[in-house]
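In order of appearance the chains are A, B, C and D, and numbering begins at 1 in each one.
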Amino acid sequence: MARTDPCLPDEVRGLTVGKPLNAAILLIHCNDQRGIVHAVTDFILEHNGNILQLDQHVDPGQKHFFMRVAWTLDGFLLRAEQIDAAFRDTVGERFGMQWCLEFSIEVPRMAMFVSKQSHCFFDILARYESGEWRVEIPLIISNHEDLRPAAERLGIDYYHIPITPEHKHEQEARQLELLDKYSIDFIALARYMQILSDDFVRHYPQRIINIHHSFLPAFAGARPYHAAFERGVKIIGATSHYVTADLDAGPIIEQDVVRVNHEHSVDDLVRKGRDLEKVVFARAIWNHINHNILVYQNRTYIFD
Amino acid sequence: MARTDPCLPDEVRGLTVGKPLNAAILLIHCNDQRGIVHAVTDFILEHNGNILQLDQHVDPGQKHFFMRVAWTLDGFLLRAEQIDAAFRDTVGERFGMQWCLEFSIEVPRMAMFVSKQSHCFFDILARYESGEWRVEIPLIISNHEDLRPAAERLGIDYYHIPITPEHKHEQEARQLELLDKYSIDFIALARYMQILSDDFVRHYPQRIINIHHSFLPAFAGARPYHAAFERGVKIIGATSHYVTADLDAGPIIEQDVVRVNHEHSVDDLVRKGRDLEKVVFARAIWNHINHNILVYQNRTYIFD
Amino acid sequence: MARTDPCLPDEVRGLTVGKPLNAAILLIHCNDQRGIVHAVTDFILEHNGNILQLDQHVDPGQKHFFMRVAWTLDGFLLRAEQIDAAFRDTVGERFGMQWCLEFSIEVPRMAMFVSKQSHCFFDILARYESGEWRVEIPLIISNHEDLRPAAERLGIDYYHIPITPEHKHEQEARQLELLDKYSIDFIALARYMQILSDDFVRHYPQRIINIHHSFLPAFAGARPYHAAFERGVKIIGATSHYVTADLDAGPIIEQDVVRVNHEHSVDDLVRKGRDLEKVVFARAIWNHINHNILVYQNRTYIFD
Amino acid sequence: MARTDPCLPDEVRGLTVGKPLNAAILLIHCNDQRGIVHAVTDFILEHNGNILQLDQHVDPGQKHFFMRVAWTLDGFLLRAEQIDAAFRDTVGERFGMQWCLEFSIEVPRMAMFVSKQSHCFFDILARYESGEWRVEIPLIISNHEDLRPAAERLGIDYYHIPITPEHKHEQEARQLELLDKYSIDFIALARYMQILSDDFVRHYPQRIINIHHSFLPAFAGARPYHAAFERGVKIIGATSHYVTADLDAGPIIEQDVVRVNHEHSVDDLVRKGRDLEKVVFARAIWNHINHNILVYQNRTYIFD
């Protein structure tokens, strides 16, 4: 975002939601064992950390342990770049953990993939422009030109990369190059309407967020509102999930629904669904940005 | 229900929700044409009827017309038994309608089919005992003995008809005999857990109401809560529908949902789902009892 | 909206949701009497109208009748400007009706009043820019300069009219002048944060729509999220209503809610509430634009 | 409950949800300080406990710490009756905690207070009879005789204690005597419709659960459905809360809502509200029975 854009007052854009905490966030999972919470809190305490949030969950069926813990780095005795190794040596390896260390002051960089439908696109731009999210959006990629003006007026680079069956591979290569060049952390598919290749998806595991316009697993695939109308459901939904190689089958991050009745045409479902998609997608992205999500065996564990 | 049961005070049971209106209810559908509402209201007016409720809907895609109209019979110039023929001659045939005429003072007779799960069963009995619904429940059929005491203490006849693959046909014949003997108008499958044969279903078209413990069409078939847990959905649902020859694919009458998260085990989904099933099933039955439902091409049109 | 703005492709903005029907819409209410529906449908039929939608409601307590009926004007035997008088002479006066006649091809003109909070403002602009609503927004008035750039880039005139206690009267006079000059039909208070004088409100009866950030009548007045947090509610809400002389007490058009729990701070309530406000406000405006709303004795009757 | 009642099969009643865990549950709150989670987990670990669940929350505004932790007593080195003192000596006093120690194998004893309305009463009896809750209900008190038969057929003692203004004090004394005699742990006011005196409430702090038929704080006091109808709300609610000296102002445990519209009469609100009250009340009682609730400064912290 062009922070020096003289047209926009400071309050209208940018990251104005107050100086963020300087905190470390650990997302952990491992087999359930005695003493995990104690060991993790011991690690933080002995280096003079102050716990801001701690949430843990044990899946009793799988006997698997999940945890999110956040603590302030003000006064912490380890420097940020030392924490990961120290944690590995004293806690992580001992319990056979998989973990992910994040820092609240780092601003994630998001790319948006769009097509012609604009509702999720505009909704995200508005949140961006008003500084609602701690995120940078330096890059938008689309298979159409339509949404370029709205992107460019916020100073976001917009690339038109049409997708055809015969050139899909090379176009995806170009997309990957751009994602790399712009140091993108994760991708939001804002009604992109194209299926990404398995190869593409492998580059961004649990880092591509899609919004599907149905209550998954009902009505996966194309034209879900038409299918919902045909089936005569009394409630429609939207689902945001991480993209995996299986279409519309990745780990679900967020879902919500709205009631409909026989008076609603397919167009009405589309209209009502748009508002649902916007808010479901935004909640999923917000949880991703805030490092609230763990994924294990195609399910999400969300500590919000 | 044993109305003379001396143990129950009048206010606790029976049909105590006030003297019902003496009204006629017409449910109509036909191809959309000019003048339908006018013709129907003309029919009612010219016989001195006073319209209590009128709701119509045109499906613009199918160009099909749906209507529910109710009027008082106090002062109406036709006797109840004359209305159907008079309507046919002056309105019904002219517009090629299909219609259904009901009278609010008639109390529908419902049979309940149950198995071992008791939550929907108890919920319906409580509504029955407190007089919440205008319905008679003279008959309960089960493939187990478990719920007999609770049925019999309300004076409801309870038949234990176990279902085995080899005797299914003759047992269904016995069920049909009982339904006939008790003059049953419609059947509520209160978690009956048995699949009815196509032949059985044909005897009660749009008169068998099922409660399925998922948000259909997601998780049709067996063990939907386990499937929902596996898929990691963030919302679970329940669906009440008319039973047709296609399993869990009949016209949906009512659905509702409740949020879940990663902390909920399958047992938690079952627990939360029970309350959902009860209320979704009850709403569906209530709409059926009140003659609010039209079915056309596997969709319901509910004028509530 | 600057329809000739060369920067915006046609599909991204403007009124692109298909050619609208050329329909007349009548909103009617009166004392309940025999024959109203018949008389109204007779009026439409005899002038060769084809009814698109008809919905009526009788409040049994007040014995008051409400109706919305829409019919195509293609082939109708009266010209648009003749309909009102003809209806009055043949139906309206006979039943002592109050009614309102609207035409679907007329595009309502909306003014937005804003302050510094941008979420409802951006949400409405996105709907406007994408052509989701049949509405013109020629005018935005604010007591701050902050949102001017976003308004002006869509070609909407933006007036900065600061409100101070001593100049409120003359500033409102200036606002009224602008509303008149721009031929404004109705006003959307998109988190305007100023209380309009009774005199101002009288100029736009049932034509000023507010969004209040609580589930009214709970937490009327200032700082509702703080009050909701203090009270420890488990659900927060938003309410859109017509503005009357009584603060936050006008007829409610739409409400919705979202669950919260003890983990949510006031900031979290504000964040979750923003998304709620946007969608509740948008649904209310949509119903107003589509002439779906009748108001009677401080209650709305919404035929959507 | 008459466990030896020969009429009821085992599966239909009683505590049949599987052998419960033999666990200890600690509910803790205190000023936020460094090292609390570490100290609590240290206490459990050093006595060989295995943590089943741990959930903590810090209110950043009040800098107050809340926690629920549960661990198995199988193999725990302290006997149940030693735990409280040991915890006090090593952890509780050091951090200035207030805490509450519960044991999962103890079955809470609940009294129900009822009047004439039966829906919450029947709903609770059905959960009781089917063994859905780990609770004993040995005592029902009512100011009317109406619901006696349904109580007595489950073997629950039913006392008719009419309340009149002049005898309220002595009647409450009799109620307190009964509660004591039956060793009651907490009271569920299942639409009891009487206001308890401050003196009575003081005997059962955070141990009297009420269901109020509105979305509090809206429509506190009498006839909330009538008030909701008058105000024209689009959503109605129900609220379950602990009873305090201030009417309808105690800490809220659970709330839920359902949409209504202009077609719904007050009777419809009452009908829809009944189902809402049942489920909201049941969720609140379930959380109380499972020791999930902390109360601090008139807010609940629910670890479910």
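Heads up, the rule we're going with is that contacts are C-beta pairs under 8 Å (C-beta built on N, C-alpha and C of every residue); 3 or more make two chains touch, one makes a residue touch a chain.
Just so it is clear, the structure is predicted and the values come from calculations on it, not from any experiment.
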- Task: Sort the other chains by how far their Cα centres are from that of chain B and give me the top one.
- Result: A
- Task: Could you quickly compare A-D and A-B and let me know which has more C-beta contacts?
- Result: A-B
- Message: From the mean C-alpha coordinate of chain A to that of chain D, what's the distance rounded to whole Å?
- Response: 38
- Roughly how far is chain A from chain B, going centre to centre by Cα mean, in whole Å? 43
- chain C, residues touching no fewer than two other chains: none
- Item | chain C residues touching chain A - in the complex, by the definition given at the top | 7-9, 11-12, 116, 118-119, 122-123, 125-126, 129-130, 132, 145-147, 149-150, 153, 271, 274-275, 279, 282
- Item | Touch list for chain B against partner chain A, complex | 57, 59-61, 66, 215-219, 231-235, 237, 251-257, 261-263, 265-266, 298-302
- Item | Complex interface listing, chain B residues touching chain C | 34-35, 37-38, 41-42, 45, 50-56, 58, 259
